[in-house]
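The structures considered in this document are given below.
What follows is a pair of complexes built around chain A, which joins chain B in one and chain C in the other.
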Partner chain A sequence: MTPLLEVSGLNLAFGQRRTPALRDVSFTLDGGQRLGIIGESGSGKSVTALAVMGLLPDNAFLSGSIRWRGQELVGLGDAAYSKLRGDDMTMVFQEPMTALDPTMPVGLQVAEVLRLHRARSKDAARFGASAEQIVDNARNRVLEMLTEVGLPDPGRAALKYPHQLSGGQRQRVMIAMALINRPALVICDEPTTALDVTVQAKVLRLIDYELRAVQAASLFISHDLAVVSQVCDEVLVLYHGEVVERGHVAQVLGAPEHPYTKGLVATARLDLVTPGERLPVIEDFLSSAQLAGGGAANG
Partner chain B sequence: MSVVRVLASRVGVFAISLLVASLAVFCVVNALPGDVAGTILGTNATPQAIAELRAQLGLDRPLPLRYIEWLGGMFRGDFGVSAFTYEPIGALIRPRLAVTCWLVFLSVGLAVTLAIPVGKYAALRRKKFTGQLVSVVSQFGMAVPAFLMGIILSLVFAVRLGWLPANGYTPLLVDPLDWARRLVLPCTALALVQGAVLVRYVRNAFIDVLQEDYFRTARSVGWPLRAAVNRHGMRNAALQVVTVLGLQLATLFVGAIVIEKVFVIPGLGSLLIDAVAKRDLPIVQGVVMLLVALILIINAAVDVLYVLIDPRLKSDTEGVDV
Partner chain C sequence: MKRSLSLTIGASLVGLVAVLALVSFFWMPFDPNHVDPASRLLPPSWPHIMGTDHLGLDIFSRILAGARICLLVGVIAVGIGALVGVPLGLIAGFAKGWFPKFVLRTADIIYAFPALLLAILLAAANGHGSVVTAMVAIGISSVPAFIRVARAATLQVVNQDFILAARTSATPKYTIALQHILPNIAPVVLVQSSVSFGLAILAEAALSYLGLSAPPTTVTWGRMLFDAQSYLFSDANLALWPGLFIALTVLGCNLLGDGLREVLDPRLQEVR
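For the complex of A and B:
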């Protein structure tokens, strides 16, 4: 069986800079599977997500292969890619404060995603639905979705502008946008990082529940090991643009093999901190050769 | 803040600005060297004759009194009379204001119609040759003064090719076709220069939008590039462009004077320049006051437009996290 997503030999560099952002990154994702991507800032987590979505900036040089249900996405035209995005493959971004259009009510932004890919009047007309029914159906579906993501008073919330909602509420709207078309893959790029800790837990539970409800696969990007272990089955560790480890969450986080992963796990163990003592840093776990050459020393 | 309150505060600011401006205009105009009585009677007039005429014109009375009279007159719509011809200034200004308004609004309309698609194109292709070519051409356009553009257009299309009249003006209601024919060249001259400036701002506004997070979101939900720009970029880019547009409109009302001279159009500009040359202070005061009022109205309109475009200005309540 072809996997849902198959990334192989992905290399990425930006503009004139010689240091590549991704080096020979390969992984596969089956339907319904959840893969966490962890690594520090600049390790290539977000650009991996953007590469899959085909949303890299113009100055990116991408080579390798990204196959979606067997179809090659690298080099796919914008029109064909746009049909996939938001429908079969969606994304939840990190920045709830700025990721929604400030000049449009949030309900309309959710409805747009639905209308862009579904409820085309021609299709509906073929089945004998009137224009009013289509609008009603879309409306009901949007309200249903806003209720599902836990927005209080969805009818009124739909008419609000992003600045009238809190960060958590905006992220719920983003989740509604990402899930309204029942996608096969939801890429979550640090979806809870910008939120308060208490809100984080609630939004995380919501994402977990929603992904299960539509049986979507997920690429879940985070620098937070606890978050990844809560949501994901497997985890991929990126270091300086290279995959250094992949395996089941319990296995990788319980018995890390790569020195970088060991460091990552050890630095997250707050229960081992003795007050007054120096905290461990990642560099303690890397040899001097690894520090100097980055990930290349392992390659 | 509600829309009503924004409007009310704007009207208040507008009224106070107008009052302050009227005082400033009055002081400056009366402080100008030169005397209308002297100009009317010529260089050989005796001081006695000049004093008599000054008394007749009311120029010997104290300045505060003259200011209050002038202000009160304007409230009733009476701008006074010309010091030379005794014609009511209101009747002098009205047809000329219409001419200048046509010239300015048609030019700005044309400039916007040109600048938005061109600026958007330049933003989308900013890294390609064609996009950069647009930027360079608009730079050149900015460097050319409007009067020079007017002269060039006039030389080519009126003198050389003879397609359009070189100058003059016909009121719209007298002969609509001739009215249009005579406005083509002056409006194009103003629009090309203003449009070139506007292209730069439109381009920058769209480049900003392309880098926004919500634009990436729009792309991620499946809008193709151009559709995303139109759907989620226009309104946000408009916020930046409206500011510049307001400034340009204000500049044009004053700057149209030069183009009116080049194309011999009887607008406010020629009235003002003639009045200044003759020291016809009542007319100068009236026209300058009108221009100030127009600029204040434009500024107020821009502020109202902001509120209409940007919902964030209407309320600032934030939700409670749940």
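For the complex of A and C:
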């Protein structure tokens, strides 16, 4: 069976100087599977997501192969890509304040995503529904979705503007937008980083539940090992644009092989540090050669 | 909404002029074009509360009638500027390729022509000056400012996540431009409009003064200033009133612009 998403030998560079951002990144994702991508800032997590969505900036040079159900996406035209975006693959962003339009009620924003999808799938023509019925159906579907993501009083919340909602509520709206069209793949780009810890736990549980409900696969980008281990089946560790380790979450985080992963795991386990001792840093685990190599890749 | 002193004063001044213009349609103490040599050059007194000019015309009536042209010029000129400039600026900030560069260079070229020169050109092409040529000239010369302001605001909005989010759900480009970018740059455009409004009124007064705008039968404040010129030292009253009203209107527009900026600019806004 062809996997849902197959990325192989992906290389990405930016600008005139071709600063490399990804080097020979490969992974596959089956339907319903969840792959966590972890790594520090600048390791290439977010650009991997943008590359899959086909939304890289103009100065990006992409080579390699991204296959969606066997169809090659690298070099695909914008019109053909648009058929996938929003229907088959969607994205949840890190900062829900900036990812929602401040001048539009949130319910309308969710409705817009639904409406675009309906226009493409031509529901109206198929069922011969009148315009009023479509609007009515769309409204009900939006309210249903807002209820499902746990917005209190969805009827009223739908008419509010983003700044009138709390951070957690905004992220719930983002999740509603990402899942209302029942996509096959949801890319979550650090969806809980901007939230405080208690809200984070709730939103994670919601994402977990919703992904299961629509049986969507997910690329889950995070720098938080605890978050990844909670939500994902497998994990991919990126370091300076290279995949350094991949495997089941329990295996990678329980018995890391690559020194960088060892460092990541050790720095996250503060309970193992005896008081008064120096905290571990990732550099403790890397040889000087690896550090130098990383430095060169960064420059 | 936050209170702003400049907004209150500006809106009151512009509102006052609007009221004057409205009133002039229903009631004026005298016909603003009725020549009455018997009562020429009267100081402010009853029934001529602002006095009369060298032809015996009632100055208060002429101020009322002049308010119409003043507002008309502002509205039309700003309308031309905004309707042409904002879409071009939005596209220049949003699109890629040669078109944005073309728009910006063209704007630079128009910027180099003062409204005055443009009005003279239009009047010459038309055979004679009129309110319409003046309004069009002022409108065209205010286009580049709108282009630049709209483009700068668009560039700020375009790089935000919600535009990327709209693209991840394959929102068509024109929908992104109309539904997501336009409402977000609206405050900036509004501020620019009120500032341009003041500039347009000032420019029209200057054009009237030079005889490049309305014909003598049409009452404008700039024209009144021109007529008052030869009596400046004997009867300053004639120049005082139109000058005062032009100054107050322009001041009102600028204060309104500042006030709107204070109220609408999120960076100056208190944390909600």
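What we mean here is this: the second predicted complex is superposed on the first by the 284 of 299 C-alpha atoms of A that agree within 3 Å, B and C clash if a C-alpha of one lies under 4 Å from a C-alpha of the other, contacts with A are read in each partner's own complex, and residues count from 1 in each chain.
Here is the rule we use: a residue touches a chain if its C-beta (ideal position, glycine included) is under 8 Å from a C-beta of that chain, and two chains touch if they have at least 3 such contacts.
The model shown is predicted, which means the values in this text are computed figures rather than measured ones.
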Notebook entry, point to check: Once chain A from each complex is brought into register, does chain C clash with chain B or fit beside it?
Noted result: clash
Notebook entry, point to check: Between chain B (first) and chain C (second), which, if any, makes contact with A:169: first, second, both or neither?
Noted result: first
Next item on the list: Would you check which partner chain A:250 touches, where first means chain B only, second means chain C only, and both and neither mean what they say?
Entry: neither
Note to self: If you tally the residues of chain A touched by each partner, is the higher count for chain B or for chain C?
What the structure shows: B
Next item on the list: Kindly classify A:196 by the partners it touches after superposition: chain B alone (first), chain C alone (second), both, or neither?
Entry: first
Note to self: One more residue to check, A:152. First (chain B), second (chain C), both or neither?
What the structure shows: first
Note to self: With both complexes superposed on chain A, which partner does A:281 reach: first (chain B), second (chain C), both or neither?
What the structure shows: neither
Checklist line | Residues of chain A that lie at the interface with chain B and also at the interface with chain C | finding: 53, 55, 58, 82-87, 90-91, 93, 95, 98-104, 112-113, 116-117, 163, 174, 177
Next item on the list: Provide the residue numbers of chain B that touch chain A in the complex, in ascending order.
Entry: 127, 212-214, 216-225, 231-232, 235-236, 309-312, 315-322
Checklist line | Complex contacts: residues of chain C adjacent to chain A | finding: 96, 160-162, 164-172, 175, 179-180, 183-184, 186, 272
Item checked: chain C-facing residues of chain A, complex -> 53, 55, 58, 81-87, 89-91, 93-95, 98-104, 112-113, 116-117, 120, 163, 174, 177, 181
Notebook entry, point to check: Contact residues on chain A for chain B in the complex?
Noted result: 53, 55, 58-59, 78-79, 82-87, 90-91, 93, 95, 98-104, 112-113, 116-117, 150-152, 160-161, 163-169, 174, 177, 196, 198-199, 202
